[in-house]
Amino acid sequence: MASANILKQKARLSNSNILFLIAAVIFVLMYLFAIISYPASFMQFQTFFDLFNLNAPLLIMTLGLCIVMIGGGIDISIGSVCGLITMACAVYLQSESGSIGGAILIALGIGIAFGILQGYLIAYLEIQPFIITLSGLFLAQGLLTTLHKDPINVTMPAFVRLRDFEFVITWLGTRNRLGVFIPCEIKPGTVLVVILLVILASLMKWSRFGRNVYAVGGNMHSALMLGVNVKRTIFITYVISGLTAGIAGFVYIMTTGAGNVGNAAGAEMKAIASAIIGGTLLNGGVGNLLGAPIGTLTLLVINELIRAAGVQSNFQAMVSGLLLYFFIVLQSIIMSLRDRKSIKLTLPPWLKLSDKQQVPSNQ
Amino acid sequence: MLSETILEMTDISKSFPGVKALDGVDFKLRKGEIHALMGENGAGKSTLIKVITGVYEKDAGLITLQGESIHFKTPEEAQNKGIGTVYQEIMLCPNLTVAENMFIGRSHTALVNWKQMNEKAAELLASLSIPASPTQELSSCSIAVQQMIAIARAVDMDCKILILDEPTSSLDEDEVHKLFALMRQLKERGVGIIFITHFLEQVYEISDMITVLRNGKLVGEYETSALSQFDLIAKMLGNELEDISKLKKHEPVASDSTTPVFECIGLSSSKGVRPFNFTIQKGEVNGFAGLLGSGRSESVRAIFAADKVTGGEVKIHGKRVKIKTPLQAIQHGIGYLPEDRKDDGIIADLSVRDNIILTLQVMKGFFKPLSLKQAQAFAQEYIEKLNIKTPTPNTPIKSLSGGNQQKVILARWLLTHPEYLILDEPTRGIDVGTKVEIQKLVLKLASEGMSLTFISSEIDEMLRTCSHLIVMKDRQIVAQLRGTELTENDVMNVIAQGGKNTCAK
Amino acid sequence: QAQAETGLTKVGIVNLPPEESGYRQANVEDMNTVFSKANGYDAKQTNTMDNSEQIAAAKGYIRDGVDYLLISAANASGWDDTLKSAKDAGIKVILFDRAIDTAPANYQAALLSDMAYEGKKAVEWVLGLGLPKINLILIRGQMGSAAEIGRSAAVLEAAKAGKLNIVADGTGGDSWSLEEARKVVEAAIAAGKDFNVIYAQNDGMAQGAVQALQAAGISHGKGGKVKVIGFDFNRFALRNVQAGYWDADMQCNPRQAAEISKWIKSGNIPSGVIYQEELLLTTETITDELIDKWGINADPGKGVITR
Amino acid sequence: MRKVIKNVSHLVLPLSVLTLLVIINLIKGADYFYITMVNGALYGNIPNILFGASELVILSIGMTLVTAASRGQDISIGETATITSAVFVLYVLQAQEVTLLTIVIGFLLSCVAGLLLGAFNGTLVSVFKVQPMVASLILFTGGRSIAFMIDGKLSPILANDLSNKIGTVIPGVPIQTPIILTVLFIVFVAVVFKTTTLRLYVESVGINPNAARLNGINPKKIIFITFLIMGFCSAVAGFIAVNKAGRHDSVNLLKLIMMDAILAVAIGGNSLGGGKFSISGSVIGAYTIEMLNRTLLRLEIDPAMIKVFKAVFIIILMVVASPVVRLYISRTMDKIRAWRSAAGRAPIPTTRAAGKKEQ
């Protein structure tokens, strides 16, 4: 009788949602700033679509990585696995027996194989993920050079057609330097990004597995006690991340049409940065898949800003670091203001990913 | 009278490095029975539970569930077989919502139906009148609420066996009664319940059978009605306990007119306590009384600057001082034993020794490390003084039983010899014997001139030790009661009336 | 068009970042100094190692409507689409330093370093040393990089033909690391390998190899037991050659900007691929003028050797 | 004996990994430990390993502390070292005559630079609560171009006699200078740990910052300090590296070394999630990595495949040393013993396997 009325309910946003919200708002502000400062470049829709068209592999990898990170792990092998896959596909497609279906199978197969191997070692043998996925990174890079080290341009006609395929939006576009109208183009990879985003975000939100990942990332020991199959959950997160690396690998070669040692090199660092900027914590348990692409886009817009501003070569890296710095500090200041309750942030219910409708507690 | 056995454990043994936590223990649970598991801190109760549910693998022995031999490898398997458990350290996921915490690991459908889950959770919360919303993140709930949620979760399971390891340690009387009503219902349904607690009254109120463990060995199984409280204690401790009623309060050494050791005026903190005034004299023991969530902990946290202090001034021996961080509080001779042992108290992976000397070390300073020998000596001294059960001072504190961890934290503060020591629920999860020891210790320290604040969810404990009770309601001090002859009724009355008058007896 | 407004020629340069190598530092600097406002250019340069970022930058320049697009590609492939839209917009594309694997019609001209040529020239020198038997330690750069492929090919070919013998085959890793190169040679020494030539695919790794020889007390350079060749024409390397501490260095010329600028200014842009002439200098052929003219990076001064 | 075993129990992982590597090397050839004198200095595999690993050892010490306190890793250490050594070179090269004093002042200046950079990362992590990997991502991105600017866009050469001695040997001293410097550094660190409460503070903060704060430790300050130490370690590593190379190379100096440093910390048996740490473990881990790299060369693996072998080696080593496999082995041993004693042989005392799931 006594305690029920003591406390009013605080409708507080969960960390996952707040971080996502911050990332989204800052991104939008940054894009607006970019449009105002460099309208020539940013007013064009193609600029926006190209962010996706050209970076679909990175976006896809980030999604898988995000899931691993929410589960409290890390996967730094993804970039190299993606690179390995482009080479494997290229070698296969250029061979006598090459076919697109086969290449897709190879891509997914390699990705999943890496996922299974790493997932098993991390989940069931309890070895630290950093060590294992760093070995995975070495393994993929080594296999790549062992397999083939010169660049291969795939010339198989069917594949070239696939590579050049794009959805054209005829009513949207811009005029180029000579005044010719260029319609907007969307690559299949972009469509795939959207599809995967929807699937994986739903998976994390509405599947038992997804919730288990959050539980394991939040507190592995508690999750175990609550009856979550911790090992299997961790295992699956790595398999998913392997799978997305596989898909990313295929999308990569579908975009560039070539196998090359340098493909997707260093993508893991970018993916980690994207995930974190998008509001996923490295410690696990907090994150939002919708934030992942926002993180990536933020990094990419920073690049485009630097280009459009014509920053001098030697300062580009510094400026990019500086912009990153502002972004990060801003994010952190907003977080701490919110902890001090000096500002209130709420998210429209349809955007909330981890706590859905407010069911009033009937007291 | 005795019905069919559902769980039988024979000759269970389990060792950890340096301790034999269980040594040939037998245990039997019958259908529709509430079976209390009793024993001192470190007797092996929690270990026995964890052996059943597959958290630990037993070294030897046999467990049968309804005649079928079982060997769980993970808690998940135990749960699937109809064993619901609330562990001593609340085991929930802080980053999930309340509803999720109640249902995670239980459903076997691939998809989560949020709407249905939230509704079910809301129902369950309402039926137990737990003041939490299903969609709230768990980390924003107080420990008591978390504990209730853990219980709700276990109770809701369609289980054959329910295991409750000290579920009542942070609940107030009301909640305890609700819980008991629920346990009785389940009992009717034929669920076997294992119940661990250090509150003897609760044992006598609810249980049918008692099994007593001592030092990892089985002492015996008794029918509750046939075992007197005195005998039970004797069985648990292996010797007889002094009469608690002999405890006598000491009046403050100095009279009220002298400057108080500690005084605060209009103190408030970021956690939302209303500005409050408060003084304590040399050698005085006072206490904060109030219901769950009334802001007792928050007030003392504000005194210690454990939360961000947002206003008010503090005087020590009449001199204004600035206390903005716990370090400053410590340097001004204030000590604080937090209520949340796991999150605020222990440094889990560090040894018992390091946990004991931690604060002393901080006071000594960065460039004056204690030598290993000194540290060892201090640790040894307090391990003996407080009778802490640990294989060695070098053992990580996390492998101690809950009660013994609490004693380590207490030792940590005693070692710093504070002028003013705040104890927030120091007796939580502590066995009867030690509880008395702690109360005696409090009085002894006071008689030596230390000022103490003693908070306990058991009012009689406070009545026995405190000569000044500060009653809180809705995060506000509503009354200050003084006098050596306070009774529980006085306090309850004040709380019920909302404390319009400040009376002194 | 753009030229009309400002009087400056608008140029977009897509290049690798200076962080990539000493060669690239010089290359980027060269581009910056030649394509400056003072020389009548309105140039922007984007430096990134990532293929998709490079393509994004190129597309950005196309949208900006530059007059010339200069590209040194991180990856040889994946550019077709971009090059076509440049062509559609009437932008002249000139490739520099690195080739792109595409139809020659897709770009105007290419001024390239020929890594295979460098390798061939260096191996010729090795074969021409007149050693009774060539036991060579091959220290490669980043596996699969254009330079590594080109510079290794000639050695591997010669080994296959039985003209020389590779006793140890190692790599300086992804960072062309001095330390790693040193380890390769140390391992060969520890294994008791008999070798008389070190073929290190850049100057830094050659330096690491020489450090290993020094520590093991093995003589090298002019009159020494082991002949050492490096690549890139860092001035410190050339000084080492001059002092007879090393034996030879093969050029990889990062200065394409002046030539390209000449083309643009004259309005007479050749079409197709043009390779830059590159030098190999030995203790005999090296001179102060050549060091001054062709060397890159800091000059330690005459007679100063690095260890 | 028992006591010794107890004291090294946290080193089981790194030591067993190291032992495995030694065994592999000895199988390949018994001459592995041979040491000779060349030009008055010791020469052989062991001195080479000690020499080669100097920077990594120093960096992994700093990394251990950062990891322990902040529960994350600093990925900008290579870049920090590059900047600090650029400062060092800048100072030394402007001097008319390079004396010991010049070197010392240069070194001190580079330490100041290291501390500043450490403070930069540390502020982000402690005050702004940015995760260490992201905080250090900033310097990781921009660091090398800063160094490049300090270098005046050239790769300056450090061709003085003193630098030479620091990078190689001092005549008359039979041990290479970087090895001596590393040992001195380790001793210095040991003294710091002996005379301060750093370990207790860092571990407390890493395990439970809340509790640490309530006991008077300022977690922010401690995390900040670990980043300062990291900056100092980077400066020392950069100093050794640049003197070894004799040339400042803002492009490649200690590039990607953070991967190895983190790996060293992990192989050293430390959790990358922070908390209790073992410096000695990390140091052994660092030497292990150096040894692994050299073992691969000793086995004469095709350079195209060298990373494959490196990966396979690490995986095998980690699997063999993983807690699960160790537990399994000790269980099996127990069973064999039980079976043997049941078969009537002399009873052998059993070692009991510890509870497996309790962390």
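For clarity, chains are labelled A, B, C and D in written order, and residue numbers in each chain start from 1.
Going forward, a residue touches a chain if its C-beta (ideal position, glycine included) is under 8 Å from a C-beta of that chain, and two chains touch if they have at least 3 such contacts.
All of these numbers come straight from a predicted model, not from anything done at the bench.
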Quick one: how many steps at least from subunit A to subunit C, stepping chain to touching chain?
1
Would you pick out the chains that touch subunit C and also touch subunit D?
A
Report back the single chain whose CA centre is most distant from the CA centre of subunit C.
B
Whole-Å distance, subunit B centre to subunit D centre, using C-alpha means?
43
From the C-alpha centre of subunit A to that of subunit D, how far is it in Å?
31
Dist(centroid_CA(subunit B), centroid_CA(subunit C)) in Å evaluates to 70
Which residues belonging to subunit A are in contact with no fewer than two other chains?
145, 149, 221, 224, 314, 316-317
What positions in subunit C touch 2 or more of the other chains?
18-19, 143
For subunit D, residues that touch 2 or more chains besides their own:
144-145, 148, 153, 302-304, 306, 357, 359
Show me, using the given definition of touch, all chain pairs that touch one another.
A-B, A-C, A-D, B-D, C-D
Quick one: in the complex, what on subunit B touches subunit A?
55, 74-76, 78-80, 85, 87, 91-97, 100-101, 104-112, 114-115, 118-119, 121-122, 125-126, 129, 131-137, 140, 153, 172, 174-175, 270, 291-294, 474
Subunit D residues touching subunit B - in the complex, by the definition given at the top
194-198, 200-201, 203-204, 207-208, 210-218, 275-276, 352, 354-359
Would you pull the subunit D residues touching subunit C in the complex into a rising list?
29, 38-39, 41, 43-45, 48, 52, 144-145, 148, 153-157, 159, 164, 167-168, 176, 244-247, 249-252, 255-256, 293-294, 297-298, 300, 302-304, 306
Quick one: which bits of subunit D touch subunit A in the complex? Just the residue numbers, please.
71-72, 75, 124, 128-131, 133-135, 137-146, 148-149, 153, 259, 262-263, 266-267, 271-273, 302-312, 314-315, 318-319, 322-325, 357, 359
Spell out the residues on subunit C that touch subunit D in their complex, using ranges where they run on.
18-22, 24-25, 29, 140, 143, 168-171, 174-180, 182-184, 186-187, 190-191, 204, 207, 211, 214-217, 234, 236, 297-298, 300, 304-307
